[in-house]
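One structure coming up, written as structure tokens, with questions to follow.
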Amino acid sequence: MILVLDPSIDEKKQNDICLKLQKRGFFARLVEQYGQLLVSIDGPGEKDFEREAAAWPGVNEVISGKNSYYLASRNAQRKNSLIRVGNGENAVTFGADQIVCIAGPCALETEESALSLAEKIKSSGLKIFRAMVFKPRSSPYSFQGLGRAGIPILRKIKDKTGLLLLTEVRDPLEAELVQDVADIIQVGTRNMSNFQLLKHLGQIKKPVLLKRGMGSSIEELLCAAEYLLAHGNPDVILCERGIRTFEQYTRFSF
Amino acid sequence: MILVLDPSIDEKKQNDICLKLQKRGFFARLVEQYGQLLVSIDGPGEKDFEREAAAWPGVNEVISGKNSYYLASRNAQRKNSLIRVGNGENAVTFGADQIVCIAGPCALETEESALSLAEKIKSSGLKIFRAMVFKPRSSPYSFQGLGRAGIPILRKIKDKTGLLLLTEVRDPLEAELVQDVADIIQVGTRNMSNFQLLKHLGQIKKPVLLKRGMGSSIEELLCAAEYLLAHGNPDVILCERGIRTFEQYTRFSF
Amino acid sequence: MILVLDPSIDEKKQNDICLKLQKRGFFARLVEQYGQLLVSIDGPGEKDFEREAAAWPGVNEVISGKNSYYLASRNAQRKNSLIRVGNGENAVTFGADQIVCIAGPCALETEESALSLAEKIKSSGLKIFRAMVFKPRSSPYSFQGLGRAGIPILRKIKDKTGLLLLTEVRDPLEAELVQDVADIIQVGTRNMSNFQLLKHLGQIKKPVLLKRGMGSSIEELLCAAEYLLAHGNPDVILCERGIRTFEQYTRFSF
Amino acid sequence: MILVLDPSIDEKKQNDICLKLQKRGFFARLVEQYGQLLVSIDGPGEKDFEREAAAWPGVNEVISGKNSYYLASRNAQRKNSLIRVGNGENAVTFGADQIVCIAGPCALETEESALSLAEKIKSSGLKIFRAMVFKPRSSPYSFQGLGRAGIPILRKIKDKTGLLLLTEVRDPLEAELVQDVADIIQVGTRNMSNFQLLKHLGQIKKPVLLKRGMGSSIEELLCAAEYLLAHGNPDVILCERGIRTFEQYTRFSF
């Protein structure tokens, strides 16, 4: 459950609300995002509490339900999100008028092949290079990426080409490892519902490109985005990459 | 890629093979499971290497392909797997003639309600109680479980009732936290493709109940099981819980 | 829209209701089934008319909505339907305690092969033989069945074996052609939504085995059954044969 | 099975081939379409015959398989199909550079509302009006269209506005009824696999707009088109209208 607080209430009043909630046995967490002030409430018995909370002073709205999202909806944010990546002349903005293209190999294999590809991408006018060193693979016997050993290669490519870099992570540890080199962190389709990872990435100061789970509804994609937003990261880029259907002529449908 | 080795070759020969692989730039890992001896090969260029490896002395078979599984198939294990949980008169065996029933609440909420339920389950003749303290939830605002605080409650219920316990984990840290109290660790449908978690659970000495991803094929379920097996855990219980389809009359189809 | 009438009203009153409806520009049709008396109403503007109709004397209930079914639901018929096929010692009842098995080739190819198969089916204790002479096939170049020429062969097999016969039709003309030889008429998955065929089969005095469309919901299957029931045929046997999903390991899911 | 004949062989030779086929117990039908000359072969045992037929003089190719299509593929027709509807300044061409829009009500309800809508459509610059008098509806109690009574209304709207007309049919009889008034005949999603209807429409001199079945694969859609083509109608317009998936946010996916 989430309480949307009046954003004008002072810190003392905010703390009072959190304290009251904790006394009732709830785990309460203050969330600030998009100029909104929320308290997320965690704990058994929250359902009965819904009506009472709606009457508390300082509470503007109560959002409940097992699939609800608030920050990812137009309720919290009327304007289109603009997510700026990079600085100066290399900067790219997602959500503005121009479509942003990202290109690169699926898995980083060798420095030579990746660098040569990156230079072609650069000269074609694109600004973001993608290459994975941590690959989630259906089979344990498929190539899982170069791992840590690939990070210095990613660094070299960035330095030589000046391209921005997107790369994927599969767990919080990997998110720490790529922090310095990545400009955008990707969560792949197989990890869209890996909520522990999403909570961790919520606390990182990097845009996250979140791919739709191949068996996930639009609503679940928005709820996954909400994990990132509610845990502190305002810079969420959604990637619609299709869902599984009976049609086998294309790999995914939209 | 995976090499199925002749199980009779001595340790020196095994090491020689691994060394040769590493010299060629592969990451090689020895896997022993079900009396089988495998080398899993990770690295770029493995495809070209396939034919060569098949001719090496001590190599019986080469398994490749991005979705392949070996240990989870009848190739590695002709007999049905028997997975024994618990000891003495409380022991339960999965895969034997008798169907095993597991019952309990979705999320553990309070000690009283869970204990009362566990006692009813006990007196009905079942032997395994399930209760979650770590819940993967679609929305960040839904109750995520009691967390660490729930573990002593699980302990009490076990002590009072003598029931075996199944509980879910969402990341490696949680797997460590429940190690002492859980008899079976559950991986939920949303984490079936969380391969980092599966690799970690492969190294734990506990049976794992692996639920099918709601958007995952049977082949992907078997590949997920292969992660557990190839990383060392022979005790994998598959849970078919249905897939998503256009039919909305039932929540899932089979 | 459908009006459920009080079954005790006399014929004059029934006619009055139909007449009143026709005067308002509706096409009205009296339906009697399962001891229920219904008027099905067809025509523009029926939506506004719903509330008014509910107040008419002799009208017990008004059923509306684009996917509604009434006769196929427990509202019309509390007891399980029992559908008796054949006479004497060869009679078979669908819906009773015993499961009914139907066996035979997909398409009838030659008299010899079909007869030999039918004799084996007979000697195994089954009572219903199926063989198709009219095959709906995805490609126009696949064998479409023997057509009319197959009907005398079906007759011979029946005479020699005493088995009951199920065969498929694709349009009203074929339904007439198999009338004398078939004991059950099958509507295949590709024709479940061929409502013109269903209307025609509603008027025939033969049980109909209706297969679920591979892309159809349970609700649509029941609506298709409703076409048969509302047009006069009480003997509908539903055949759940699975739906299409992303899973390719089995041809259909349930 | 289908034999692609050398288009230069004379009529006598064509007849000889058909005769030879009939003597072997096949039903053979000569198909001419797109300057191609085919013999479609129907009958048991055609599989064994495949290799033999390939060696016959005058036979260029043998197409087999239960889902095969030939005329609907680029094998038969290298150029894009251009389907011209109407004459003079009102003519519209499907398959050319310009996108064709068709607009109108789902079901024709009253002359007034339909005419007023048609006039707006006309003045907006569109050239094709659609309105259905025969509606396939999931429930027998939903409005099934005005039926025959709607045809004179369609005629009036055409005369007054000069618009071209698309309307749907559900069976061969309805196809005859709308012959004079319709410029394009629609086969709806529920009838895509109503092959008897498709065979009939193959013999009609009207373009057919064929909607994809909501549970049908692309390959099945092309096979349905093949029915129309192989039975003589070269003017098939495919309508992709989406398929059913687990996603409920939109009615259909692509």
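The chains carry the letters A, B, C and D, assigned in the order they are written, with residues numbered from 1 in each.
The criterion applied here is as follows: a residue touches a chain if its C-beta (ideal position, glycine included) is under 8 Å from a C-beta of that chain, and two chains touch if they have at least 3 such contacts.
All of these numbers come straight from a predicted model, not from anything done at the bench.
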Subject >> Cα-superposition angle relating the copies chain C and chain B, to nearest 5° >> reply: 180
Original post:
More C-beta contacts across A-D or across A-B?
Top reply: A-B
Original post:
Approximately how many whole Å separate the CA-defined centres of chain A and chain D?
Top reply: 47
Subject >> Where chain A and chain B are represented by their mean Cα positions, the distance between them in whole Å >> reply: 27
Subject >> Per-residue multi-chain contacts in chain B, two or more chains >> reply: 215, 219, 243-246, 248
Original post:
What pattern do the touching chains form: line, ring, star, complete or other?
Top reply: complete
Original post:
Which of the residues in chain A end up touching chain D in this complex?
Top reply: 215, 217-219, 243-249, 253-254
Original post:
In their shared complex, at which residues does chain D touch chain B?
Top reply: 215, 244-246, 248
Original post:
Where on chain A is chain B touching in the complex?
Top reply: 1-2, 40-46, 63-70, 107, 109-110, 136-144, 146, 170-172, 190-191, 193-197, 199, 213-216, 219-220, 223, 226-227, 230-231, 243-244
